[in-house]
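In the two complexes that follow, subunit A is the common piece, with subunit B as its partner first and subunit C second.
So, the complex of A and B:
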């Protein structure tokens, strides 16, 4: 979920921007020139995922895939998500310039956290890895929802109800993201296991 | 037709001809100023300025309006909730629901602010082609790797989208109908995964081809930026306007 321009307070915007700069610096340190095309592919994937609508009853939800980004990229997910969000702001005007920092934090921080939280599980092929992959997709969206809610509430108590509704809307997305991340993981494991090497790196 | 387009980047207007570096700087300045503003006078002035820029850029207004309508969906959602939950004097009641004056004013402020910033983004930044933007950002001393990432990602967007539509067509030919069931989710997941695998291979090939042709981590561009007189005037006018906005916001609290 992108927060629009003009909604959040300057303090929240500044906080998001600072965290994004730090996260991007850490992420870029880990990207060498050889890895740039690979990171760019996932960045583009994250962008295009928002165009894929998955039906849930009468409504269509679009994929987020930030859990998968974390799973495949670790810290490098931060610059990748930053670039994807920047391009979305530029080409579709989703999100925006001043909220770029906050939106990057709400999407990328869960990705990085989930990478470290579930890496242990994902290293054991079979049921543990499957559980890890589902949990990765599920909790990344859960954390994103919580961070969006937190950004709104920190702006003002007036946003309490809005934040609650936003969080509520994330619940179906969490389940679908979990399932989709799980299947993508199983597919990659079978077809192209070398794409999952990031999990084993120290 | 591709869903990913840059409808605003083409044109010959004054705004299109300005130096991208100046436009990026001014857009960032105004976006920050307006985002921190809390005062109707400031924001209405900002909106008026953004509309002047929009007129100077000569963009297709119908497309801009369509874009704004979509972007305002989050704002629309705020209109449904905020006026009803914001504490203040009741101006409108329907059964258990009541809208407060402060809530309406607050939501209105957010709406104007949001749209002013988006119009500035459209007129000043979206009028620069992404490739040029990548070079301009590099010129403005953003990290090299980040700019490379931007340029590569932008290139792959189209590859990805093309591949996505091809796979979707293949699904349709085989009679796939999306429903709310596990089969649908699995199919979409495999579609996304296949997309990743194919693009990964393609990226690898492209990178090898680049290495073969002597790529050493730098992009050489034939385009050079030139800072001209019109850019000086644009920057000066923008700084004056920014000062006026700042004056309205911080030194004229009575107007609010």
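So, the complex of A and C:
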């Protein structure tokens, strides 16, 4: 999922950076005092998730967890992902500092989109919410794959070809992420229902 | 009031602990190997340069595209494709030897994954000399020298060749070791940074809350 340094053109890099700044500003506005620990934990989880290697498919894959972040954070997922990606670039050399903007967009935009797309389902506890949680984890990875392919158009690679490749490679991850998101959702519903009620109250 | 606040804090802490235990549990289920970055490393052996490409930690890059460039001018000297073990070897181009170019070897593994390796001229030039020199000099000399007294130069060449062969695997290992790999301190340090950043943020927010 991380696009490496030196692949994309300056225009795409700049576009990604601008979108990230806007998204981060919106996200930071939404963070209140009570939400800070949640943002911190999910940021740390995202940071570590990229190290969890899933030995399936043609290339090495890792967890993304952006669906889970969208589900629990909404817009606040943007600053959380930005910080985690920054540290990953610094410490693990995943991605890179110049691609930070684009990588944040490819992973955070699906989180925000899924939050709004599945908010309706998640408001109804029981089966609809469970389906929503699974779909949230599943489609966030799917959208990320599409965004990666979109970003790579500028390098002259054919969109359909890359999109097909990325999506096929990530099918196992989509399913695994869907299940993880579902389980964490069910777990929180049982242990900390007021946290979810806080997010999906109105 | 204070008591209620403390209870709230306690519950929050409790939920944090529960969630992190759960996340750790997931981490344990899947193998905690390292992730998804494409790397390429290269080393010279005689007049050949061997490259090996991997997705971190250890998946070979199959059919990845490798480009060899002159570092100074950015001119592409040759291109190739990795095999099923992620390996690609090529003879050192004559112009690279003549101009003592530093070679930049770039891997494009697809889907936006790219790796780079810089091979300095002095690390392959020596090998080229020992590999190409004997062809011109050794055969006539060998015919003339009487048995028992081996020509010193010839002996050196034979030793060099043998050494090159024996040191090949060691060179490969050493080169691989210089590739930066994620270590536990990196991971724990990163988590520490994240919690620290948000802790600081929470601190300032709490101060702002106290004096409105």
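As a convention for this text, the second predicted complex is superposed on the first by the 175 of 202 C-alpha atoms of A that agree within 3 Å, B and C clash if a C-alpha of one lies under 4 Å from a C-alpha of the other, contacts with A are read in each partner's own complex, and residues count from 1 in each chain.
Definition applied: contacts are C-beta pairs under 8 Å (C-beta built on N, C-alpha and C of every residue); 3 or more make two chains touch, one makes a residue touch a chain.
Remember, predicted model here, so these are calculated numbers, not experimental data.
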- Record, for the superposition on subunit A, whether partners subunit B and subunit C clash or fit. clash
- Query: After superposition on the shared chain, which partner residues are touched by A:48: those of subunit B (first), subunit C (second), both, or neither?
  - Reply: both
- Could you say whether A:30 touches subunit B, subunit C, both of them, or neither, answering first, second, both or neither? neither
- Item | In the superposition, subunit B vs subunit C on subunit A residues touched | B
- Message: Between subunit B and subunit C, whom does A:148 touch in the aligned arrangement: first, second, both, or neither?
- Response: second
- Touched partner set for A:4, first subunit B, second subunit C, both or neither: both
- Message: Applying the stated clash rule to the superposed structures, which of 44-52, 134-142 or 188-196 from subunit C runs into subunit B?
- Response: 188-196
- Query: Do any residues of subunit A touch both subunit B and subunit C, and if so, which are they?
  - Reply: 2-8, 33, 36-37, 39-41, 43-45, 47-48, 51-52, 54-55, 63, 83-84, 87, 91-94, 162, 165, 180, 184, 187-188, 191-192, 195
- Query: Which subunit A residues qualify as touching subunit B in the complex?
  - Reply: 2-8, 10, 13, 24, 28, 31, 33-34, 36-45, 47-49, 51-52, 54-57, 63, 65, 79-80, 82-84, 86-87, 89-94, 96-99, 158-162, 165, 176, 179-184, 187-188, 191-192, 195
- Message: Help me check something: in the complex, which residues belonging to subunit B touch subunit A?
- Response: 3-6, 27-28, 31-32, 34-36, 67-68, 70-72, 74-75, 77-78, 81-82, 85-87, 103, 106, 110-118, 121-122, 125-126, 130, 133, 143, 145-146, 148-150, 152-157, 159-161, 164, 178-180, 182, 184-186, 188-197, 199-200, 203-204, 206-207, 217
- Query: Where on subunit A is subunit C touching in the complex?
  - Reply: 1-8, 33, 36-37, 39-41, 43-45, 47-48, 50-55, 58-63, 83-84, 87-88, 91-94, 148, 151-152, 162, 165-166, 169, 180, 184, 187-188, 191-192, 195
- So, in the complex, the side of subunit C touching subunit A is made of residues 12, 15-16, 18-20, 22-23, 26-27, 30-38, 55-57, 59, 61-62, 108-116, 180, 182, 186-187, 189-191, 193-195, 197-199, 201-202, 205-206, 209
